[in-house]
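We call the chains A, B, C, D and E, going by the order they appear; numbering starts again at 1 in every chain.
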Amino acid sequence: MNILTVRDLCAGYGATDVLHKVSFTVEQGSIVALLGANGAGKTTILRALSGLLPSRGLVEFGGTDLRQCSPARRVELGLAQIPQGRGTFGDFTVEENLAIGAYTINSKRQIKEDMERWYTAFPRLAERRRQQSGNLSGGEQQMLALARALMSRPKLLMCDEPSLGLAPAITEQIFEIFKSLNHDHGMTLLVVEQNADLTLQFAHTAYVLEAGDITVSGPASDLLRNEAVQQSYLGV
Amino acid sequence: EEPSAGITDDTVKIGISGPLTGPVAALGAIADGVRTRTDPINVAGGVRMADGKTRKIELLVEDDGLDPQRTLTNVRKLVEREEVLAVVATAGTPNNQAIGRYINQRGIPNLFMYSGVHELAGPEWEIGFVPSFTTEAATFAKYLLDNKRQAKVALLYLNTETGQTFQAALESAISDSGVTIVAAQPVTSADPTVETQLSTLKASGADTLVVITGPRQGAEAVRFATESGWKPTTLISNIAASIASLKPAGLENAKGVITSQFLKQVNASMPGDDVGVKRYLADHAAAQSKFSTEDALGQSGYAIGDALVKVLESMKAPTREAMMEAARNLDHAQLDLLLPGITLTTKTGEDVYPIESLQLFQFDGAAYQPMGDVISFEGKTPRH
Amino acid sequence: MNGTRLFQSAPAALVTAVALCLPFLAPDFMLFEFSIAVCYGIAILGLNLLLGFSGQICLAQGALFGIGAYATAILNVNFGMDPIATLPFAAIITSLIGVLIGLPALRLQGLQLAIVTFGVASAFPQLLLKMDWITGGVTGLATDQPLAPKWFPGSQELWLYGLSLICAAISVFMLRRLLRGDTGRLMRALRDNPLIAESLGVNLTKARLAAFAASSALAGLGGGLFCILNGFISPQSFLPMKSIDILIGGIVGGITSMAGAFIGAVFIVFVPGWTTDINPALGGLIYGLCLIAMMMVARQGIAGLPIGRSLQALGGIFNKKDLSRVPGPLPGQLGGE
Amino acid sequence: MAVVAPAAEEGCPVLSVENVDVRFGGIQALKSVSLNVHMGEICGLIGPNGAGKTTLFNCITRLSTVATGTIRLNGQPIETLPPRQVIRSGIARTFQNLGIYVGMTVLENVMLGAHHISGGCFIDALVRPRHSWQREQEIERRCRDILADLGLEDVADVAAGSLPYATQKRMEIARALASRPTLLLLDEPAGGLTHGEVTEFGALVSRVREAYGVTVVLIEHHMGLVMSLCDRVEVFHLGRNLASGRPEEVRTNPAVINAYLGRSR
Amino acid sequence: MVLFFQLLIDGLASGAIYASLALALVLIFRATRIVNFGQGEMATLSAYCAWQLCEWGLPVALSFLIVGAASFLLGVFVFRAVIKPVSKAPVETIVVITLGLFVFFQSLCLWLWRADQRAFPAMFPSGGWDILGVRVTASALCILLVLLCLAATMGAIFRFTRLGLAMRASAYSSEKSLLVGIRVERMLMLGWGFAATIGFIAAVLVGPRLFLSPTMMLPILLYALASATLGGWDSPLGALVGGLIVGVAESLGATFLPFIGADLRVVIPIAVTLVILLVRPVGLFGSSTVVKV
């Protein structure tokens, strides 16, 4: 079953469209990778899906037509995004960032549990609990953004270059976390990544976006062997 | 004689520039007051002037927000585009100064300015109305010299020409007497409260408080004087003394306050049988004026309108010169709202002060009661 | 070179054309009012330089305007200088004082700077009163009016109007020099992100003060002209609201547009009068609504209106680029992130 | 105003950092860190997140204050220079999270890099417009050359904010080069690049080193790039020096693997 | 000495007045990152409405309740009508709009009720105590207490509740807030509503002392702005402390600094603010906004 269906999505900035009728689907419980060169429009897709950009075309999430939904409503439905770059509230402390991430959660206990869980996963954040998040290092902020998005326990998590600025060890750890979330909790993931090696190894399905159009799609393992993909994304 | 611009056989155009908007929009009541007088006259056919013709008065009001620069542009607009015969009731000393040179060069009468300072930049072509602040200072001094020879005065004054003129005049009026000014504190219209000044004044050990400020600070001073247990003899300028403006301070606190007035007391609910007041109330109703009948500024405006009518009536020719001539030679002209015994008198070259008399009043908790007779400084208004 | 949208662009051409045609269209008293608008326009140019281009807000522009006016008046009254000859001095004196006022800007930005400078504006009239030995206190100062020379064919008003236009032209000319090339770029860098500007070698102290100095000089020039036009000045003309008016003029016209400065000036000079003409009792009400509506329609100021833009496209044949301006938070975090 | 670059003495490192300590309130971000970079070298700087790499860059460019220790450029101490003088002494940098002016065009951004050369004197602009105009033209020409060199000539007149992330990073490098640096500090320049682009980028850096004669310090988490490009790698951990040496040595160092690289490599 | 203490007390009393408007300004700034120059005038309108209801014979408490609620709606209405449509515009635009609100509401009051000052119904007892010659009025004390409670409550809401956190988040960045599921617009609307209510409370507190008039908030605007800046714009408690500092400094300075005197007292709030900001650029209680590269 598809948790997300996108058909003929067009979006852009100002008068010019960046996306030209993009269509793809994400299956419930799968990990989907979205590859593409710089400026292909990956971020634009995610922003359109989150409702931050006006868009045309059909977007269906878990049976709900998202076109009528405000961005906040989409989060409530279980669609979370880790934005690219500095996604944290710089003036807020680390703890407040996590608390605001759980804005849609009502159970105090769950919030507390989750917070502890991510603090254990990222001890760095625990050390910096009371520090303003804008003062964290780039990688620490990235961890925080990730933990914050996970606080809302989304059904579908869209990550925009989650490994950006992260040390290799941490990148690996994050992918481990993704895997376990997917495996143990059935969370669906839509990952935009430049680290194509790693991504294709753990994703089930993959799409390649080029200049606002999906050009290649298929099971991730197939793409790993696709020559064009190898050339531009795998550095073989 | 060739008639001046702004006057035809059946109308005469008069301009007013005053603050209708902004923080001092209260002064806008003056323009409305003038209109309150002229509207009913127009309805009745107009003013019969000394040249035998009856003319309606066309009033043109412009807003200047009390900015002297805008007053100047307004007056220029009134004179050059609207071609008014004269401007009246221009409020504010700097505003009248700003237009002084222009009206003097052009020969435009600037009649009955609403400013307590009379020696301004256009001496030939302007004339004041309300008593000079020096007159008021002299009145207060006279009261103190007569009733409280050893008074120790604390002075709260507005830090503009108003207060400064008053202060200087009071000082000279009480020199060589037992009355002394022991402390003086300025207030500005931008001060949020004046308690600091009042505390300082109280600490000076004064037994008399003289207040020359706007209504807000006046009311505050009155309240403070009683509430703080100070209870000095309080003399308060007529610009702040109206009952309406003392009301927020609590009328019981205002008991005993002394002021000097030149306008009659108007109490709409108990009109009494004064002919002038009755006419004023009738005109106010007829003109559907916005200001309250008890608004002293509106009353001043009405009186100015009345004075304007008197000047028009005595104009022998339809010219600006004749108008100025008439305004400069008023002879005991009586106005509806002036207290009995107070009249307008001027003389070309000698006497530029239309009103030079004041009467002292004391507040009894409900109304002002007259104290003694009108004190007249006719022909001897102290210059500053 | 990415020419800056300055004088050549469509709104500017329009404003220039209107300014030159006015003497044939408007009666004398209107010319006088327009001359006054030109004075404000010059002061607003200064504010644009400061707020629009270097990202520092100064709410004491009205006070600086007043300082220029008083400089002219004092030089004329006490030293007998010809009023017109005082103008450069007015600009220089104001510029020096402007630098003093700008000193806090070295540490404070945005809202804080706005409030501190607004405090200066509030204190200014009181200071004038306090220093009555030189400013004439409440009585103000009356200056000589420069009469039109004999050879001048038009009226006195036209002469003064011409004088204002010349001052305006000089101001625009000087400002253009500052805004193009390296100095212009560094001011915009300062505005958009001072930290990075500094690491690129921009001397923040110097740049900020220079912007203040230039801006104040313009305010002073405008003020001096204002004094000449009126022939009389008093503290009552320089209340803190004047600074707010100038700010409104700047923003309504368009904070990064030179033509906008003059459009904004015309707005603040004429619109309050018109609104009271519509209805004396409701004047303020209409003016308030007018301001709100204006900004809702023309978010980037009148000079940024679509009409302006389409005209500009027409004029684009001669013209190249817009001066860039990031929409979003005001310099120094007056707003959002 | 020419670039003040003190002549490098023989054998003396271009950049030498000795025992630098940095504190932010209670947090000690750098503890007695040292680093030497030699002429013409590409030195990689790696370490786990929060190890203090960016902080070190900030110290060198004087955006953070050094508590103790010295930083020398060509033997001259620079830790007390005012921040705006740093670029003049020949150090240029890029920022981890982009320090570009999104509202300006690419060319304007790059020309800002040359600001300290052209001076930007207000008086000059007012009274000698021709002079400053000429200088402006000259700098523009040079900046356009740099842009062409980095393959950015097509976007020279595009607002920087609307460009893709990687192009923006490249533009930042162009800006750094416009300041005629001797030392180039790159903070995660390859973040967000695809594999193909990373390779291209590596070639670009090598080329830039040759063509502009700069010494490069490179912070990067992309191991492939670091290993292939750098002459020497310095590893930080928890604000201290952890290891240093040639890429191969570092890659196999167990401490580095443990703290930074993780299992797979 | 008695004078000194009297002035100190006076200063605290006027400081409370400044603080009350400052509190409303800080609230709206915290919740929307906008300084609403029309805040005081909106409060004046509310105060007039309350006064009018009392004049028509409603009990004071009831009319205050009604108007308190109406003020909230007024704030919400203003937000929806004029702020929301321009929420993406540059901040200068919004500054001018709030100035427009300032002019509009002032003129509205002027038109409806004219310029005369009125007696605003007092909530607190009018008496006072003489302590060794120093007069302490009951109303000033009550105002201070109420403000303290208000500031503490507001501070706590912002700090510890989800609502407060969400309001701050919306003010910080609407995009990031949307991504965590905050209904940003609703938060901003609430911010305007609450600020209008607090403004009304401020007007109720100071009305009896300043007298009700269309321009009653105008003279205290600068002082309130200075107080808020002094306190750091971020903290309601800071606004209160800032107000008191400004009040006391002004009261003492105007009397004991001969070169300033009562006529130049307007210099004092700015001088104090400037000095404190130069020492502590974020204000007394402000937290620094993070600028990191």
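Of note:
We take it that a residue touches a chain if its C-beta (ideal position, glycine included) is under 8 Å from a C-beta of that chain, and two chains touch if they have at least 3 such contacts.
Worth saying up front: this structure is predicted, and the values here are computed from it rather than measured.
The minimal number of chain-to-chain contact steps leading from chain B to chain D is 2. Shared contacts of chain A and chain B, meaning chains that touch the two of them, come down to E. When chain pairs are compared by contacting C-beta pairs, C-E ranks highest. With centres computed as the average of Cα coordinates, no chain lies farther from chain A than B. When you average the Cα atoms of each chain and compare centres, the chain farthest from chain D turns out to be B.
If you average the Cα atoms of chain C and of chain D, the two centres end up 41 Å apart. Centroids built from CA atoms put chain D at 30 Å from chain A. Separating the CA-averaged centres of chain B and chain C is a span of 37 Å. Of all residues in chain D, those touching 2 or more other chains are 63, 95-97, 99, listed in ascending order. Residues of chain C in contact with two or more other chains: 122, 126, 129, 195-196, 199, 281, 283-284, 287, 337. Shared interface positions of chain E, defined as residues touching 2 or more other chains, are 107, 110, 172-173, 222, 263, 266, 289, 291, 293. Against chain C, the residues of chain B that register as touching in their complex are 20-22, 25, 28, 61-63, 65-70, 72-74, 76-77, 79-81, 92-95, 97-98, 100-101, 121, 159-161, 164, 188, 190, 290.
Every residue of chain A that touches chain D in the complex is listed here, in rising order: 13, 35, 37-39, 84-86, 124, 131, 135-140, 142-143, 161, 164-173, 194, 196-197, 231-235.
On the chain D side of its complex with chain A, the touching residues are 24, 27, 46-51, 54-55, 96-98, 162-167, 188, 191-199, 221, 223-224, 259-265.
Within the complex, the chain C residues that touch chain D are 1-2, 174, 177-178, 181-183, 185-186, 188-189, 192-193, 195-204, 207, 210, 214, 321, 324-326. By the touch criterion given at the top, residues 33-35, 82, 85-86, 88-97, 99-108, 110-111, 171-174, 222, 225-226, 229, 233, 263-264, 266-267, 269-270, 273-274, 277-278, 281, 283, 289, 291, 293 of chain E touch chain C in their complex.
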